[in-house]
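Once you scroll down, you'll see the structures, which are given as C-alpha cells.
Consider the two complexes below, in which chain A is the common component and chain B and chain C are the respective partners.
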Partner chain A sequence: MRSFSTARVLLFALGVIVLASFLPLGVSGYILGLLTIAYYFGVFAMSWDLLFGFAGEVNFGPTFLIGTGAYAAGILDNLYQLPIWICLVAGALAAVIGGVVLALPALRVRGPYFGLTTLVAVLMLQNFIVVAAGLTGGEIGLVVPDVISVSDTTNYEIALWFMAISGAILFSLSRSPVGLILQASGQDAVQAGALGFNVTKHKLAAFIISAFFSGLAGALMVFYLGTASVGTLVDITVGVQIIIAAVLGGRRTILGAVLGAIFLIAMSEALRPLGDLSNFVVFAIALIVVLLFPNGLLGLLTGTKENI
Partner chain B sequence: MSMAAGAHLEVKGLTKRFGGLVAVKEMALSVRAGEILGLIGPNGSGKSTVMKLIMGIERPDAGSVRINGVEVAGWPSHKIARMGAGIVFQHSRPLHRQTVFENIKLALLPDKLTRLFADPEIDERVRAIAARVGLSAVLDRRPATLPFADLRKIEIAKAIARDPQVLLIDEPFAGLTSKDTAAFSELICELRDDGRAVLLVDHNVKSVARLVDRVLAMYVGECIAEGTADEVMRNETVRRVYLGGSIETAARPESSFRDSIAPFLAVENVSVHYGKAQALENVSIHVHAGEFVSVVGLNGAGKTTLFNTVSGFLPYSGDIRREGASLRGLTAATIARNGIVQCPEGRELFTDMTVRENLDLGGHHLSPAECANQIGWLFDLFPILHDRQKQAAGTLSGGEQQMLTIARALMMKPKLLILDEPTLGLAPVILEQLSKALERLRQTSAISVLLGEQNVTFALPHADRVYVLEHARIVWEGEPARFAAEAGTGYL
Partner chain C sequence: MLFWQILIDGFAISSLYALGATGFALIFGVSGVLNLSHGALMVAAVVAAWAAGAHLHAGPYAGAALGVAIGFSTSLLTYFVIVRPLQHSRKIREEEKEIFILTATLLWGIMIQELIAYLYTNNAKTVAPIVEGVVWIVGVRTPSNEIFTAVVCWLVIGLLWLLVNRTRAGKAVLAASMNPRGVTLLGIELSQVYIAVWAIYGVLVGIAGVLLGMFLGVSSYSVGPLTASAFAIVVLGGLGSVSGALIAAYVVGYLETMTAYLISPAYRTIPALLLVVAVMYVRPRGLLGRR
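Right, the complex of A and B next:
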C-alpha cells in the first residue's frame, strides 16, 4: 500500500467506482440490493478501521454509533415526518454525540478495559430500544414512513457514491499529517505528547469522524430498508461482522474494509443454501483468511501487484 | 537577579513519590541558554524521573519548573513541549509501523487538526535533519530492521526537529561505539552553541565530563554535589556511591583449562544469513569449561547473531558442539534447560510482572530451597533488586532493568552464561559490582562465561581469552594483555 501515492490510489479507486456504477445495466435488482447493503457495511468497517487501526482504540461496539445514528433518524421521521435530509443530518449528529460519550472512557482507560466499555455501550443501547418500545418499535422494529427511493438502481447509486465519498475522505485523512499524528497517538501516547501533540484532541477527533460516518451510513440504511431493527443494526453479531470485514480486508488500510465487507456479504449469499450452517462457514473462512494472510485481502492484492 | 537571569530552565524543590518510594526529593537545578548541565548518579537515583517531571510526563508532587520564567509544573506534556522543551528518551521508542522518514516527519508536524496536507518544505527539512544526524541512507527503512545506533539517531532527530530551546537527553551514548559517541557529542555541542539549554544524563563519565559545562550528581533522589566536572568527580561521596574503584584484571592462560572430553562449547565454521545479507561468515570459537571468553565487536558486527545462533534461535550452516555433542536439531528451550543460558541485550523482561515474579520464573525448575538460596545470593549481588521486589519490572529504571535481566539469567544456574552487552546503561559503580560478581563466579563455581561487549574496558578484565568480531568474521584471537597492542585501535 505504502508504495502507491495517495492520489494514485484514489484515482484507481475512482475508476473502479465508475465501473461499478454501470452495474445496474447488467445485474438483477436482487444483486443490486445485496451490494447496496455491502456498501453501507463498507462504510461501517472503514469508520471502525480509522478508530482501531489508526487511533489504536479497541472498539468492540461499532454498532453503538451506527444504531444511535440510525434510530435517531428513524424516530424523527416516524414522529414528526421531517424531510429525510433533516433526519439524516440529525442521525449523524446524534452519532457524533454518541462518539463523544464513548470517547470519555477511552481517554481514561486503556486497551481491553475500553473494549469492555464499548460492549457495554451496545448492550445499553439495545436495552434502551427494547424498553422504550413506544418510541423505538422495540423488538419488532421501527417502521419509517419515508424511503429515499423505491428504485433499486437509485438506492444502489446512492450507496455506491456515498461509500466512495466517505472512503475518499477517510482514506485521505489516514494518509494526511493528521493520520500520522493519530497513529503516533495510538502507538505511543507518551511520546506523542512529548512531541507537542495534544493526544486527547486528536483521539476525540477520530471518535467524532468515525461516529459521523457510522451514524450517517446507519441512517441512510434505515431509509433504504424502510425499517430499523436491533437485529440488523445494533446486535453484537453485527458489530463482529463489521470488525471481521475490516480485518479481513486489511487493517490500517481503510480501503481494504470495503473489500472485506463485499467479500463477507457475497459469501453469506453464496452459502445461503447451507441454511443455518452458512454463518458458521463464513466465519470459519474469514478466520482462516485472517490467520493465513495477516495483511488481509488488500495486502494480498497489492502484494501480487508488486511482484509483477 | 544574578547568574540565573535568562536561564532557560529553572527547577526548585521538585519532589516525586511512587507509593512509599521518594524517587526525587527537593531537587533544584538551573540550566542557562548555551549551557550543558550533566546529571549523573547511580542507577535508580532519579535522573530519568527528573527529566520526565520537567517534561510533564510524570506529575510532580511538589516543586516548581520554570521554562523562560513561565511556571509549567503540572502542565500536560504537549503544552510543555510547546513552551520549547524536548526530550530524548532513555529507551528508543520509534513508531514501528512507520518508516524512518515518517518518524522524523511526525516531529515536524504542527498540532493542528486542519492540516490535511503537509507543507512541501517539510520533506526537505526531514532530509536535512536526517543528513545532520547521519540517517540519510536509511530513510525508507522501518525501525525494526535498523541497528541500535540508528534507533538512537532517530530519537535525536525527532528531538531536534522540534527545535527545542530546552533539551533533555537521557543516556544518548549507551550502546554506542566510540565513533558514534564522538559524533553525538559534536552534535550536542552544536546544539548548545546554537544557544539551547541542554540537560544531559549518561553513565559514560568520560564523555560527559568532556562535554558539559557543569555537573550535578544525584543519589537516592537528592543532589549530593554540584560544580565543574572535575570538582564533582573528585567529590568523596560521588566516588563512593557512583564512580567506584577501578576494575582489576586477572587472565588465566588457556593451558590451565583441562576439558575432560572436548571444549564445553565449540562453534565450528558457522555461517548465518539474513536473506541475502551474511551475518556470520565461517565463525569458529571455543570456550573451555570454567573459562571466561569475551567477544569484542562494534554494533552490527554480529555478536548478537552469534549468541542467538548458539542459543538455537537461528538456522545456520556449520556445527555447534557442547562437550563434543552436536546441538543441531535441539530447540532453544532444550538448549537453555541444559545449561546454555543467554542474557539478552534487549532486556526481555515481563514488564507487568514484579521483580520477584521475574526471578521466580527464572528459577522455576529449581527446588524451592535452591531457589530461595539463589535469590538470596542475587539480592546480595544487586541489593537494589531486593528493595524493588514488589515493583513491576516495567517501571524500574533503565539500569535496574539491566540488573534484573542478568539476575534472571543467573537464576537458571547456567553452566555457560552468555551475556550480551551487559554493561548497557549501568553506572560505573554497578559495573564494578558486576565485575566483582563475575570474579566471584569465576572463583567459586565451574561456570563458563561468553561475554559480548563493545565496551572493552569491561570486556578485557573479565576475559581469559578474547575474540574480535568484525563484519561477520573473527579477525583476532588472543590474550587480553595482547589486545591493546594488536587489535585495540578503534575500540580503546
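Right, the complex of A and C next:
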C-alpha cells in the first residue's frame, strides 16, 4: 500500500467511484438503498480510522459524534423547518463541538482511560435522548419532516460522492506530513513533542476533522432515512459495527474502512436467511478476522506486512 | 425512613457491584487485560441459572450452581480463545495488543449477547431467589434476598482476600500483579497464574451474575451497561486496585440509589457517569490507583 503514491491511489479510487456511479443503471432500488447506508457507514469508519489508526486514540464512542450531528440536524429541522443545508451545517458544527469536548479528556488521559470516557460519552448522549423525549423523540425516535430526495438514485449518488470527497480529504490528510505527525504523536507523544511537534494541536485537529465528517454523515443519514433513532445512530452496537468495519478493512489505511463497511453490510444482507442469528455470524466472522488477520482486508489484498 | 431505605437498598446494590468489579480489577491488575465482555459473561451466567429453572425445572440451588459453572467456563473460554492468542500473536505489534484485546473482547461480548437474544429472546429474566420472604429493618420492608445478596458478596470477597493473601497460589497471583518478571525468576509459570486468575474471575462473575439475576433480573440489553458500570467502578477506584474498586463500588452504588430515590429512576446512571468523567479529569489514576 505504502509503495503506491497518494495521487495514484486516489486516481484508482476515482475510477472505482465513477464505475460505481453507473450502478443505478443496472441494479434494483433495494440494493442501492443498502449501498447508500454502506457508504455513510464507510465515512463513519474512515473518520474513526483517522482517530484510532493515526492519532492512536481508542474511541469507543464514534456514535457520540455521529449522534450529536444527526440529532442536532434533525431537531433543528423538526422544530423550525429550516432548509436542509442549514441543518446539515448545524449538525456538522454540533459534532465538531462534540469532538472538542471529547478531545479534552483525550489530551489528559490515555489508552483504556480514554476509551472509557468515550464509552461514557455515548451512554450520556443515549440517556439524554431518552430523558429529553419531548425534544428528541426519546426511544421511539425523531421523525424529520424533510428528506433530501425520495429517489433511490439521487440518494445513492449523494452518498457515493459524499463518501468519495470525504475519503479523498481524509486519505490525503493521512498521507500528508500532518498525518505522519499524528501517527508519531499516537505512537509516542513524548518523543513527538521532543521533536518539536505540537502534539496537542495535531490531536485536537484530528478530533475536529473526525467529528466534522462523522457529524455531517450522521446528519445526511437522518435526511436520507427520514428518522433519527438511538438504535440506528447512537447505540454502542452501532459504534462497534463502525469499529469492526474499520478493523476489518485494515487499520491505518483510511480507504480500507470503506471496504470494511461495504463488506459488513453485504454480509448482513447475505446472511439474512439466518434470521436473528445473522448478527451473531457477522460478529463471529469479524472476530476471526481480528484474531487471524489483524491487518484486515486491505492487508490481505495487497499482501503487505506491517513494517515494524 | 427514606434515609434508611436508601442506606439498605444502596448497600445491597453496592455489594453486588463490588463483587462484579473485583473480578474485573483482578484480571486487569494481574494480566493487564480489560475484559470488555464482562457484562456478557455475567448475563450468560444469569441466563443459564434462569434456563435451568424455567426449562429444566431445577431448584434454585441447582440453577445457581449451573449459572456459576457457565460463568466459570465462559471465562476460561474467553481467555483461551480470545485473550491468549492475541497476547501471543506475532502479527500484532506489542503496543497495539491492548487495543486489539479491547476490540476482540468487545466483539466476543456482543456475540454472546446476540446468541442469548437468539436462543432466549431479549426479554428480562429473573432467577428464582434462594431466600424468599421479607424482613423489617428499622421500619424498612426489606426482601430477605437483599440481605442474602450482601452477605454472599462479602463472604466471597472475604474468601478471595484470604485466597490471595494467605495461600501460596494466591501470593503468586499477588506477586504477578506487582512484578511479572520477578515471578518468573522465582520459577513460577506465569501462564499458570493467568489461568488461575481467569478461573477465579469466572467464579466471581458467575456468582455476581446469579445474585444479580435473583435481585434485579437482566436481559441481553444489560450487557453494555453492566460492562460500563464495572469499567467505571474500576477506573474510579484506580485500575488494578481491588480495594479501590471496593470503595468505588459503594460510591457508585449509593450515588445511583440516591438518584433513583430522590430525583427519578430515569436519571439513575447519570450522576455516577458524570463523577467518573470528573475524576478522570482531576485524578486520572483514580482513588487508589498505582499509576
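Keep this in mind: the second predicted complex is superposed on the first by the 303 of 308 C-alpha atoms of A that agree within 3 Å, B and C clash if a C-alpha of one lies under 4 Å from a C-alpha of the other, contacts with A are read in each partner's own complex, and residues count from 1 in each chain.
Basically, a residue touches a chain if its C-beta (ideal position, glycine included) is under 8 Å from a C-beta of that chain, and two chains touch if they have at least 3 such contacts.
On a predicted model such as this, the values are computed, not experimentally measured, just so you know.
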Problem set entry | First, second, both or neither for A:F197, with chain B first and chain C second | first
Exercise. Once the shared chain is lined up, is A:I244 touching chain B (first), chain C (second), both, or neither of them?
Worked result: second
Exercise. What is the contact status of A:Q187 with respect to chain B (first) and chain C (second): first, second, both, or neither?
Worked result: both
For this session: Please determine whether it is chain B or chain C that touches the greater number of chain A residues.
Result: C
Exercise. Should A:R252 be classified as contacting the first partner (chain B), the second (chain C), both, or neither?
Worked result: first
For this session: May I ask you to decide whether A:A95 touches chain B, chain C, both, or neither, giving the answer as first, second, both or neither?
Result: neither
Exercise. Touching A:A211, do we find chain B (first), chain C (second), both, or neither?
Worked result: neither
For this session: Determine, under the contact definition given at the top, whether A:V178 touches first (chain B), second (chain C), both, or neither.
Result: first
For this session: Pick out the shared contact residues on chain A: the ones touching chain B in one complex and chain C in the other.
Result: 187
Problem set entry | Contacting residues of chain A [partner chain B, same complex] | 2, 172-173, 176-178, 180-181, 183-184, 187-188, 190-199, 201-202, 205, 252
For this session: Would you tell me which residues of chain B are touching chain A in their complex?
Result: 55-57, 76-78, 81-82, 86-87, 89, 93, 95-99, 102, 105-107, 109-113, 115-118, 158, 162
Seminar exercise, completed: Interface with chain A, chain C side, in the complex: residues 34, 82, 85-86, 89, 91-93, 95, 98-100, 102-104, 106-108, 110-111, 114-115, 117-118, 224-225, 228, 231-232, 235, 239, 266-267, 269-270, 273-274, 276-277, 280-281, 284
Exercise. Contact residues on chain A for chain C in the complex?
Worked result: 52, 58, 60, 104-105, 108-109, 111-113, 115-117, 119-120, 123-124, 127, 130-131, 187, 236-237, 240, 243-244, 247, 276-277, 279-280, 283-284, 286-287, 290-291, 293-295, 306, 308
